Amino acid sequence: MNISSVLLLLIGSFLCISGGVGILRFPDFYTRMHAVGVTETLATAMILIGLMLQNPDGLVVVKLMIILLMTLFISPTASHALASAAVHNNLMPELDNKEDNKKVKSSNP
Amino acid sequence: MLMGLYNYWIVVVLMMVGFYIVIAHGNLIKKIVGLSIFQTSVFIFYISMAKVEGGTAPILAEGIRQYSNPLPHVLILTAIVVGIATTALGLALAVRIKEAYGSIEEEDIQKKDNLDC
Amino acid sequence: MKDLFAVIMLSGIYGLLSASFFVSMDAVDVAFTEASVGAGISTLLMLVAITMTGRTENPSRHKPLLALAVVIVTGSLLIYGTLDMPYFGSAQAPIHQHVAPRYINDSMQEVGVPNIVTSVLASYRAFDTFGEVVVIFTAGMGVLALLSAVRRPRDVAEIDSFNKSMYEEHLILRIVAKMLIPFILLFALYVQFHGDYGPGGGFQAGVIFAAAIILYAMLFGMNTARRVINQSFIQLFAAIGVLLYGSVGVISLLNGKNFLDYSILSADPIAGQHLGILLIELGVGFTVASVMVIIFFNFAGRRNNQQNKENNDSC
Amino acid sequence: MLIAATIAILVVMIMAIVRGIMGPTLYDRILAVNMFGTKTVLLISLLGFVMGRPEFLDIAIVYALINFISVIGVLHYSDASIFKRSDQQKK
Amino acid sequence: MLAHLPILQVIVPLMAAPLCLFLTRSRLVWLFTLIASGLAFLISSLLLQQVMVSGTIIYELGGWDAPWGIEYRIDQLNAFLLLIISAVSTIVLLAAHTSIKQEIPADRHTLFYILYLLSLAGMLGIVATGDAFNVFVFLEISSLSAYALIALGKDRRALWASYQYLIMGTIGATFILIGIGMMYQMTGTLNMDDLSKRLPEVAHTRTVFTAFAFVIVGVCLKLALFPLHLWLPNAYAYAPSIVTAFFAATATKVAVYLLIRFTFSVFGLSFSFTALPLQMLFVVLGLLGIFAASIAAIYQKNVKHLFAYSSVAQIGYMIVGFSVSTTTGLMATLLHLFNHALMKSALFLALAAVVYRIGSVQLSQFHGLGRQMPFTMAAIVIGGLSLIGVPLTVGFVSKWYLALATLENGWWPVTALILLGSLLAIVYVWRIVEVAYFKPPIAGRESIKEAPLSFLIPIWTLVIANIYFGIDTRLSVQVAQAASQSLFGVSP
C-alpha cells in the first residue's frame, strides 16, 4: 500500500463525507444538488484512482477505468437532467425572502 | 448466541416489516412493494446461511481454500426471477384494476363490488 | 408514508442495500442480479405503474391490530426457529457438510467451469433454471394477456408529437445515452459469455440488454423504439429462448441420455458440458431480455394509450 | 485504509437515506437515490479490494449503468403529465 | 423412450406452450394444445401402469445422481395425481374452443392456450418432482399462469379476485420457501428422499419444527383450507368457465398432494403428527370448513359461487380423511381427490355450457332450464347427487371409505358430522334442481337450445365416468390403496 494511494483514498473519503453533510444540511434542493454534484465526481475519481494504484493488475485497472469513465459521463448528466427537470416543474430555489420560503414549502407535499 | 444469530434476527424483522405491509395496507401498489420487501428478505436469509467464516465467493481461483456455499446462491438466483415475475404480473393487475374500478384502494374496490351484487 | 413515489424510491434503495449485502456475503452472482432487478427493473416498473394508478395513498386504515397480531405471531415463531440454527458463518453447519462439498471440490473435473454457481445453475440443477426461464416466460405472457392493447394507427402521429415535445428538453441526455447504449450492449454480451469465469450469465446479461433497450425507448420515444424492435417479433424471440433451452435437453433425450445431460453434445464430456452451458445460457438470455422488453413495452404502451385518451377527452 | 474509506462511504449512504426519507420534494428523493447509487458503486469496488478478490468489479459497472438508467427512468416518469397536473392542482 | 416418460410428462406441455406462439389461427392452436394435453394423458396412463407393475421410478435429470442433481420420483401417489390432472385437462380442453370464443377476446386466444399449457405443466411438475426447491419453482409457474388466466375473465371482479389470489398465493409460496430454507439449513439437502433420511436426526430442533409449521401454513394457503379459503370463491366464480372447470378439479388437488407429500414422505408420519397437534387441528378445521362453506353455499345467488364454496367444503372432507392418518383415511382422501376432480369438472363444464347459452350463471336465470337444456341440466343433477354422496355415484365411494376410516378410529361424532355435512349438500343442490325443473322458463327466452355437442361430449364423458367409477370401484380403489399403503410403508 503506497502513500499516494492512501492519500487519494483519504481525500476521496473526506470529499464523500462533505457531500453527505451537504445533502443533509443545505437548505433547499438546488444547494443540496450542488453539494452532491460537485463532490461526487471528484470523490469517485479520487477513490477509484486510489484503488488503481493499489493493484497494478491489468484487467482490474481497466475495469476501474471503465467505471471511472462511466461515472464521469453519467454523474454530471444525471445532475443536469435532475436540475432541468426540477426547473421545468417550477420548483423555485429557496431565497432569502421569507415569504418565498413558505410558498415553496406549501407547494411541495 | 447473540453474536451467532443476530444476523437471522435482523432478517426476521425485515421479513415481518414486509409481511405487515402486505396484510395491513389497503393500497394495491403498496402491497406489492411489501411483497417484494418480504421476498427480498427471504433472499437475504438464504444468502446469510451460505456464508462461511473466512470464505470467499464461490468462483474457483488459485490459492483459495475456503469458499462460501454456492447452492443457496443458485436457489436465490431462481427465486429473484420468480420475484420479479410476480411483481410484474401484480403491477399489471393493479393497472387493470385502476382502469376498471377507478381506484386502487382495497376498501373502495370492495365497496364497488358490493354495489354490483 | 402516504406518497407512493417516496415508497418506491426507498424500496429501490432497499434493493441496492440488499445487493451490497449480497456482495459482502460473497454472493456475487446474486448481487449482480439483485442490482439489476431489485434496484433497476422492478423500481422502473413500479414507477410506470404509479403514473397510471395515481401517486397518493388514501389515509384510511383498517384492522391494523389483526395484521399486527399475525405478524407478531409469525415473527416470534421465526425467532423461535432461529434458536437452534447453526451459528452464522460457522463452517460446521450441515449445509456446508452434505451436498455442497461435491460442488466445490469436484465441479472443476465434472463440469469444468470455474464459477461454481454457474456450474450448479446450468448443469447440476439445470432443470430448476429451465423452470426459472419458464416462469419469466409465463410472466411475459401474463402481462401480454393483461395489458396488450390493439393500437389504432391514427394515434401514432399524436404520440409522436407528444414524445417530441417531451424529449426535446433532454438533448444532453440523448447524446450521452447514444454513446452509452452501444457500450451497454457490448457489456451485456461480455456478461453473457463471461458467466463461466466470473459473476454473470444469461439472466444478468438479458436484463442488461433489456435495460439498454428500455433506456433507448425512454429517451427516443416508444414509437421509435417500436420501429426498431417489432412487438410480435420479440414475442417469438422469447419463445425461441425457451425452446432453445428445451431442445438442448431433448437432444440428449434423443441420444439416449437423460434430459439435459450435456455430456452427449460432444465427444469429450467436459467439452459437451461447456457447449451445453453456453447454449442454455444463450436461451436464458434470449428469453429474459425479450420478456423484460415485452413487459416494459406493454406497461409503457398502456400508459401512452391512457394519456392519449385523456388528451382526446380534454379536447 | 480501505476499511476507513468503506466506513466513510457507509456513513454517507446513511446520510443519503435520511435525505431520501425526509424529502421534502420529489427531486430531493431522486437526488438521494442517485447519490446512494453512486456510493454503492464505490462501496462495491472497495469491498472487492477489502475481500481480496478485486476481479468482481463487473458488478460495480452494472451498478453504475443501472443507476443511470433508473435515474433517467425516474425523471422520465416523474415528468409525466399526471405528476405535473397534480402538482399544478395543488398550487 | 419408455425410460424417459417421467420427464416427457412435464416437458411435452411445457415445450408445447412456446410453440403455440408460432401458430396463427385460433383453431390450430386449440388442436395443438389438445394434442399436447392428450399426449400428457397418454404418458401418465403409461406411467401409472409402469408404477403399478414395477414400483417407484426414479429419473435423474441431467444425469447427476440424486442429492446433487434434481430427480423425478414417481411412485403410486404421484402417478395417480398425474393421471387425474392430465385427464381432466384433456377432457376440459375438448370444450375450450367453443367456450372461449365467447368469453375471451379473439386476440387473447393464443395467450389463453399458452397459459393453460403452462399451468398444466406447472402442476404436473409439482407432482412429479422429488426435489423440494423444484416444487417451489413449478408452483410459481402454475400459480403465475393461474393468476393471468383468472384475470382473463369478463367481469371486472375477475381482476380483483386474481389480485387477491396473487397476494395470498405469493405469501403462501414465500412461506414454503422459508420452510424449505430452514429444512435445508438443518440437513444440507433439498432432495425429498434424502431429506426424509436426514431429518429424523435433527427432528427435535426448534428450527425443524418452525420449518414444518411454515410449510404447512404455506400449503394450506394454496389449499384454501377453511380460514384461509377467502381467495377461492371469487377466483373460481369470475374466471373464464373453462379455467374454473380446470382449476376446480386440479389446483387444490395439487396442494393436497403437497400436504401429503410433505407430512408423510418428507417429515415422516411420526414427526408430523407429534410435533404439532396436527390431527386435532385438521379435524376441527376440516369440519368447520365443511359446515361454514356448505352453509355459505346455500345462500349464494351465483351458481359458480355456490359450487366454489362447495369445493371448499369438499376440501374439508379430504382434510378430515387426511387427519385420521390411517391407511383407510388416506385412501379415502385419495379417492375423494379423484372423485371430486370428476364431479367438479363435470359440474363446472356444464356451467360453462350454460354460460355459453344464456350468458349468466345467476340462479335466477336458471328458471326452466331443465326443459330447455335437458342434457346439461341432467349432468348438473348427477354431479350434484355425486356431491351429496348418493349410492351408485363416485361421491358415495369416497364418503363410504371416509366414514369407515373415522369409525375404525372410533371417532363417532366425526362420522356423524360428515353425514350431516352431506345433508347440507342436499340443500344447495336442491335449490338448483328446484329452479331449473319446477319454475317456468323466463319470458323471451323460449328459444334457448341445448348446448352444442362440443360441450355435451366432454360433460357426459365425465358424468359417465362419475357413474362408472361409482359402480366399478376396482381401479380407483386399488390405486388409492396401493398409494396410501406405500406411503405408510415408507414411514414406519
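So that you can tell them apart, the chains are marked A, B, C, D and E in the order they are listed, and the count of residues begins at 1 in each.
One rule holds in what follows: a contact is a pair of C-beta atoms (placed from the backbone, for glycine too) under 8 Å apart; a residue touches a chain by one contact, two chains touch by 3 or more.
Since the structure is predicted, the reported quantities are computational estimates derived from the model, not experimental observations.
Considering every other chain in turn, the ones in contact with both chain A and chain C prove to be D. Identification of common neighbours of chain C and chain D yields A, B.
On a Cα centroid basis, the chain most remote from chain E in this structure is A.
Chains B-C form the pair with the most C-beta pairs in contact.
Put simply, the C-alpha centre of chain A and that of chain E have 57 angstrom between them. In this assembly, the C-alpha centroid of chain B lies 28 Å from the C-alpha centroid of chain E. Distance between chain centres (mean CA atoms), chain D to chain E: 47 Å. Averaging Cα coordinates per chain places chain C and chain E 31 Å apart.
For chain D, the set of residues that touch two or more other chains comprises 26, 30, 32, 51, 55-56, 58, 61, 65, 67-68, 72, 78-79, 83. In chain B, the positions touching at least two other chains are 15, 19, 23, 28, 49, 56-57, 59, 61, 71-72, 75, 78, 82, 85-86, 89, 93-94, 96.
Under the contact definition stated at the top, the residues of chain C that touch 2 or more other chains are 3, 26, 28, 52, 54, 78, 82-83, 85-86, 93, 95-96, 99-100, 103, 125, 128, 131-132, 135, 138-139, 142, 146, 173, 180, 198-199. Pairwise, the chains that make contact are A-C, A-D, B-C, B-D, B-E, C-D, C-E.
Partner chain D is touched in their complex by these residues of chain C: 3, 5-6, 9-10, 12-13, 16, 19-20, 23-24, 26, 28, 31-32, 35-36, 39-40, 43-44, 47-48, 51-52, 54-55, 166, 173, 177, 180, 184, 187, 190-191, 194, 198-200, 204, 208, 211, 214-215, 218-219, 303, 307, 310. Those residues of chain C that touch chain A in the shared complex are 3, 169-170, 172-173, 176, 179-180. Chain D meets chain A in the complex at residues 1-2, 4-5, 8-9, 11-12, 15-16, 18-19, 24-28, 30-32, 34-35, 38-39, 41-42, 45-46, 49, 54-55, 57-58, 60-61, 64-65, 67-68, 71-72, 75, 78-79, 83-84, 87, 90-91. Contacts from chain C toward chain E in the complex involve residues 77-78, 80-86, 93-100, 102-103, 123-128, 131-132, 134-135, 137-139, 141-142, 144-146, 148, 150, 235-236, 238-240, 242-243, 246-247, 249-250, 253, 257-263. Residue ranges on chain C touching chain B, taken from their complex, read 4, 7-8, 11, 14-15, 18, 21-22, 25-30, 33-34, 37-38, 41-42, 45-46, 49-50, 52-54, 57-58, 60-64, 67-68, 70-72, 74-75, 78-79, 82-83, 85-91, 93, 95-96, 99-100, 103-104, 107-108, 114-117, 120-121, 125, 128-129, 131-132, 135-136, 138-139, 142-143, 146-147, 197-199, 203, 288, 295, 298-299, 302, 306.
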